[in-house]
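To keep things simple, chains are lettered A, B and C as they appear, and every chain counts its residues starting from 1.
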Amino acid sequence: MNYVEWLRVRNLLKIVVIILAILVVLAVVLRISFARYMSPEAWVAHAAMQHGTHETHLTLSDGTKRLILDNPSERTRIVVDDHGYAGRHIVITEPTSSSHSDTDHVNVGSIQVVESRHGTITTTVIDTNGAVPMLYYMLLADIVALIVATILAAPFAREADGHLEIALTKPISRIRFALGTIGADVVGIIAASIITVVAFYLCQLLFESARVDFSGINTRAIAMGIAAPLAWYAMLCAATTWLHRSYGAVLGFAWPVVILIAVLSIINPTNVVALFIHDVAWVLARIIPFSYVQFASPDSHNALIYQGGDFARRLSLEILLFVVYGALAIWKWQRLEA
Amino acid sequence: MPAVLTVDPRSGVPIYLQIIEQIKRSVALGILQSGEQLPTVKQLAIDLTVNPNTVARAYRELERQQVIETSPGRGSFIRSNGVTESPKVAAEIGRDALDVALREAKSVGLARDEVRELFDAALQRWFPTFEK
Amino acid sequence: MSTITISNLRKSYGRIPAVDGFSLEIPGASVFGLLGPNGAGKTTTFKCMLGLARPASGEILYDGKPLAPAMFERIAYIPERSVLYDWMTVEEHVEMTRRAFRSFDPARAFELLATFNIDRRRRVRALSKGMRTAVMVALAFARNAEILVLDEPTGGLDPVNQRHVLSLMINEAAKGNSVIFSSHQIGQVERAAEHIAVMDRGQLILQGLVDDLKADRKIVEGIFPDITFTLDGIANDARVARADRTERVVRLLVTGGADEIAERLANAGAMGVRVLDLNLEDIFLYAVSPATSTADVVAKETSS
């Protein structure tokens, strides 16, 4: 029944796949260059070549290849446990220098670095191929999902733009038609998220055995990462249906307007006028789905945590906005005339 | 048989009357023989590109005038009660044509004798007889 | 067999009434032609019939029942302008229709597209106006619908294809289906329609069987010997719809009883009394043009 909307979704997903495929190809190119010029082997070899370094190769009972680089004159010791595709566990022991802080904890993608100082000696533990928080994937997926949602978010306005005679003379009720249409778009937006996650997972897989962490904040990130673009879609869908004659402008100005409102609602007012503008913006921001999005923020140890204890409330609000905006769009759709 | 039938929908004469007139004429001229089957209403409607109900109306009227007969399930046929039909239909056509001509003559103010003179002249032209 | 009853239909766009108290009964199993000048309200009537526009008042019943979405399975509609999707191919439109309607016959649609010489792989964007009409015709006539509502179904088509569309309409009527169509080409309506209705400024001004209208409506013309004549009350006869008088010539538009009126005119002293046939175009023009439109008209005699 909603074949046309499925076609629209399909055509858009084709473009998404093409763009992501180009990204994957770029990653392949990068992987090839990386293997030749920037491999850890090259780095280790560099350390091994330093004067006075003793190099010891061992194979542990579980098959791990251990390389020990010992340089007594520099008081440096590097132990590299190579688990092959499963990554490396590197322990560096060296004299403390001014560049070292008390403790440091860095997460970059799958690489985790923990630095700890014990008097004059600093130990740095590097784990490549740690678990990657799903949160990272969801952030990337949401960028794509939001773009897809913005493009798809005028299904009823597009029908009203000269095709109502086809859309409204089908043997189904207008509500069923509308639900089918929104359903097709929702599937398209979620599919775009999944395709993006898969594409970036593939990219990561080119470099290491990617492990994804779904626990804790990540589960929440998935839920919010799906709900927020859908609520955004529903909001634009309602706006484009009500202003169906100028739906292009609605879609075009949606982002600038929302960003402006967000900025105005955040900045601290300095005078009465600014306070008024701030208050208006703050109220307006309540009906924008992004106001309730909170993924996570780094804590004092640079670990990602979700600070708000009101995740359930925020997620419910996103879903509520999706339902309310969806209902508004359908209500208007039922009243359109050819 | 449909080859002899054409209708002019732009004419002021109703299409069903045109069909009636032409079928009668075909009967008079012997193009349609008694007992000959006519196309179905649907077929003739499609051939002439006119409404089937209009064709059906013409057939009903022809049946009433006893020019054709319709037996359910078999179709419509030119009435087979003999060759007498065609002269009768021919006479009807001639009478109608004369009627039109005389009405026109009257409307332009010709007198009875003048009309008779014209009629005799026309008769001599179309149906010549040797002078006595 | 579906009789469509329109009663007291009203619909305005802004302050302008598009349809203003329109009632009509459209018999089933035939071809019904809706005529009217531009802006008469034909398209609005069709849209109200199909629920595409909400009437301000009035009622439209199909065999006594109001329109329900499920009934679109039996109704095919060709709108006045192209409503096809520019970015989709012809083939995709066939697929769209197949998915929406159970009784749609895609093979028949492709067959019809072939007779219109339309390449099914082309995008609608690349089609001319006439070709778009042809695509809509192909989709509608492959629907196996019982009611076909066709708003200008021959727009932009060449004469050969126009005739082809008329044949398709005739064929549907012969199968017992109802065809309701509008056209600016009165010749088409004259040929294919059994019933017609003429709309003007949102109102119904004439309706009936085409053949009956032609049989009834005649012009009776008479010439008087001098300019001082009286019609002796003829113009007040109920059958005289309109009387135009120019110098010595009088022309009467009559509905029924033309011969009798002609005789009365002759008795009143008129010479050269003639009864002229009217084709549908004449009937249409007389119906929609107000009596005062001819400059040298003397309207009906006021009294005698």
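Everything that follows uses one rule, which is that contacts are C-beta pairs under 8 Å (C-beta built on N, C-alpha and C of every residue); 3 or more make two chains touch, one makes a residue touch a chain.
Being a predicted model, the structure only gives us computed values, none of them experimental.
Trainee: Given the contact rule stated at the top, which pair of chains has the most C-beta pairs in contact?
Mentor: Counting C-beta pairs in contact per chain pair, the top pair is B-C.
Trainee: Point out which chain occupies the most central position, where each centre is the mean of Cα atoms.
Mentor: Taking the mean of all protein C-alpha atoms as reference, the closest chain is C.
Trainee: Report the inter-chain centroid distance for subunit A and subunit C in whole angstrom, where each centroid is the mean of the CA atoms.
Mentor: Here subunit A and subunit C have centroids separated by 61 Å.
Trainee: Could you tell me the distance, in whole angstrom, between the mean C-alpha positions of subunit B and subunit C?
Mentor: A distance of 30 Å separates the two centres.
Trainee: Report the inter-centroid distance (CA atoms only) between subunit A and subunit B in whole Å.
Mentor: Averaging C-alpha atoms per chain gives centres 86 Å apart.
Trainee: In their complex, what parts of subunit B are in touch with subunit C?
Mentor: Touch residues, subunit B against subunit C: 9-17, 41-42, 45-46, 49-54, 57, 104, 107-109.
Trainee: Touching residues of subunit A toward subunit C in the complex: what are they?
Mentor: Of all residues in subunit A, those touching subunit C are 1, 3-4, 7, 162-166, 168-174, 337-338.
Trainee: Contact residues on subunit C for subunit A in the complex?
Mentor: On the subunit C side, the touching residues are 47, 50-54, 69-73, 75, 77, 79, 81, 83-85, 88, 92, 95-96, 99-101.
Trainee: Which subunit C residues qualify as touching subunit B in the complex?
Mentor: Residues 29-31, 163, 166-167, 170-171, 173-174, 187, 190-194, 210-212, 214-215, 218, 266, 271-274, 276-282 of subunit C touch subunit B in their complex.
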